[in-house]
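In what follows, a single structure is set out as structure tokens and then discussed.
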Amino acid sequence: MRQPGSNRRPWTFYALAAFFALYVLFLYGPMSAIFILSFQGPTGGLTFPMVGVSLHWFGALFGQQRTGDFAGSFTRSLALAVIVLSITVVVSVMAGLAFRRRFLGSTLVFYMAIFSLIIPGLLLGLGVGLMFQFLGIKPAWYSSALGAQLTWTLPFGLLIMFAVFSRFNPAYEEAARDLGAGPWQTLSNVVLPILLPGIIAVALFGFTLSYDEFPRTLIPIGSRNTLPLEIWAMTTNVTSPALYALGTVTTAVSFVVIAVALTSIAVIQRRRTRRGTQVDGGD
Amino acid sequence: MAQPGEIELRNLTKRFDQTVAVNAIDLAIPHGSYCCLLGPSGCGKTTILRMIAGHETPTEGDVRIGGESVVGFPPARRGTAMMFQNYALFPHLTVLDNVAFNLKMRGVGKAERHRRAREMLAQVRLDRFADRMPAQLSGGQQQRVALSRALITNPRVLLLDEPLSALDEFLRLQMRGELRRMQRELGITFIHVTHTQLEAIAVADMVVVMEQGRIEQAASAREIYTLPVSAYVARFMGGQNVLDGKVTSVRAGVASLVSDTGERFSSPVTDATVTEGDVLHCCVRRDRVALERAPGHPGAQPERANAVAGAVHAIEYQGSYVKVTIDVPGREQFVANVADSRFFANRVDIGDPVLARWAPEDVHLLTGDLRKPARGMGAGRPYGEEITRENG
Amino acid sequence: MQLALFLLCTVPFWTSNVIRMISWIPFLGRNGIFNQSLIALGIVDHPLEFLLFSDFAVVIAYVHLFSLFMIVPIFNSMARIDPAVIEAAVDAGAGRLRVIGEVVVPLSKTGIAMGSIFVVALVMGDFFVVKIMSGGQSASVVLAMSNEIAVLQYPPAAASAVGLLLVVTAMVVGILSIVDVRRELSG
């Protein structure tokens, strides 16, 4: 609805802009309260007012006696997220390549993937947990919880790869074949490098979906919690601003991961458009 | 022994599901010639190119290059190189790496392939852009990179899919001359797909006019333009007026005809056997038509033979000549290209009644239509109305 | 600019859902920022009670948590609308509201449908928001289920699960029958 060049914007622009501003306030307002309160002084409580400013509650996070196994659950969550990311990237890319042609049962496979995405998370966790119990396997974060998370990240990855491939021009592959590249050479020299930003996006999704996943992981996690489950447990038994400190720390980790992913995408895009010297004018 | 760049298509057919994209085509393209496949979109010309390149498998028939059947060969083993529509330059590689791609695939070391790619780029005066990304180049520069990338494979046949369509008019005219010069220098076969008539006749030794998966005419550019075989070719190439009429008499190789609307004209019929009552299709070049003002109301039957009467519909100034379109009651529009000096010496205006006349020896018989069942007056489809089908 | 605003919307969604939910507690609580601001501004003279631990709080938290899943598909659909179409509608005399109603919304149909699928599935699968934000005053099927599981009552939990699954499936099939998601994605 923006009309570049016209100096008078329609009134709907202002109405929608005001609505958007309210929405942003709605998104960030409560979050900022948490971040501010995580710097609560040692004697402060769960709500305002602030009683001094300190890093006391961040320190408290690592004292296990008060806040549970923060360090352990944090490393578990990171490890699990990395495993999920790797499997999601590999499987999504392969599935995306496969779905470029209609194969026997492709529609069925597609709808099964969608279905797996929409099954309420707790149900899925329950199913996975019961299955492991039934099979007599002890549930653990690296087995049953990993499986439960993949049911969620794989369909997401597949959907993103669909969108990525829909913008991929098959002429690149034909050009590569024309220039003597074999199938593997075409894949590694042409297809994957061109799709790299999309693949990074899948990785990013895989990581964050796993790192924050809660309802699916709850039942099949076994005896050692991931970070969101640990936080969940804390909400019921920790009544100190350490909870907010935890929120601030996990948020910071998420942001670091996103920043790394987005920067790498931006670097790739820039390399493609802005390498070498200044672009001359038209023809 | 066949020459390396000689191409022969035998009964070549391609079907996509129910659609026949290419219908049993036979064509021989001599080594070292510049051949244009010309036709409206969806006529199958790109599909033929892709079957020669190996990006499409024929449903039936054979593709032979240098006397050898290449059906089933991967593109790289055919000795062809293709320049894609919009070029398909790899966006993640520099210009240099794009050009060196084929050498890399063949395992040539980095220093050697970069040296050869640089040489290639120097030939098209792009060496100083070697480290740019394709997105930073102008359309014309991208085209030259695509050309270098294809030619570094040392092909015996270069396949060009609409190579000039992404360029602006000025550059298009410049580049088509460049392509022609390059083909002469390299001495290899060029096959160039286009839907632009003037582009085809400007560059090609051999023009293949296609319609609906079939070849209408394959001949030299001049022959296609001046001696079309069918009403379709005559209309598609655009330089002709198509006439139809029923034979009233045949004498000394000249047939007298009368049209449905009563105009009388004659046509040489030396190389065809026609008898009274046959319906013939002929054409007369637009630049051989003379115009004069006709007193009386427009549409009245002309008194004399070899003329049509009508009212001026449109006047388009073309520089060296003026294109005058005339509405003739009961038939398709008639066009006269009048030399600029003659037009302005005796101007006509839109709506004026005019008589368009021509000499009987300028009439050309469309022999290709003799074989087909006669089409009614004006029933042949003007080329602008072709069914647009996706170009497989 | 467009990308920056889009990132502005997405950034909060990269943090933990549990954290984002509990962030409403100090905001909406009796002594929370919102109530204190209202009192400071003189709009009310004693804290509003219905803000936290109520159905209102549950809805607020859901919108906060899941609106991105609606925004992204709709953004994707709208990004594909050719701006010339909107200009054409304005040229044809449509007012601003008419343009939105007659052109933008119909062309964003797929995005709305996709977003609805995501949000329905997420809300139907949730229990922790209901549990925390309603303060135990509201219930949902999944919350009941999770309580049953907590006391190892698997058969009734599994029965509720099957029922819930059928409902969600029916809703999603209904939405999918309106738009062909696969064609939209690959087209």
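Letters A, B and C mark the chains in the order given here, with residues in each chain numbered from 1 onward.
We adopt the following convention: a residue touches a chain if its C-beta (ideal position, glycine included) is under 8 Å from a C-beta of that chain, and two chains touch if they have at least 3 such contacts.
Treat the numbers as computed from the prediction; the structure is a model and nothing was measured.
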Among line, ring, star, complete and other, the chain touch graph is line
Judged by C-alpha centres, the chain sitting nearest the middle of the protein is A
Relative to chain B, largest Cα-centroid distance belongs to chain C
Most contact pairs found between chains A-C
Between the Cα centroids of chain B and chain C the separation in whole angstrom comes to 58
Chain-centre distance (mean CA atoms) for chain A and chain C, in whole Å, is 18
Contacts from chain A onto chain C in the complex sit at residues 1, 3, 10-12, 20, 23-24, 26-31, 33-34, 37, 46-48, 99, 107, 110, 114-115, 117-123, 126-127, 130, 159, 162-163, 165-166, 208, 212, 214-215, 218-219, 227-228, 231-232, 235, 243, 246-247, 250-251, 254-255, 257-258
In the complex, the residues of chain A that touch chain B are 169, 171-172, 174-182, 185, 189-190, 193-194, 196, 268, 271-277, 279-280, 282-283
As the complex stands, chain B meets chain A at residues 53-55, 74-76, 80-82, 84-86, 88, 90-94, 101-102, 104-106, 129, 131-133, 135-136, 138-141, 149-150, 153, 167-168, 170-171
Chain C contacts chain A in the complex at 5, 8-9, 11-12, 14-20, 22-29, 31-33, 36, 63-64, 67, 76, 83, 86-87, 96-97, 99-100, 104, 117-118, 120-121, 124-128, 132, 142, 145-146, 149, 154, 157-158, 161, 164-165, 168-169, 172, 176, 181-182, 185-187
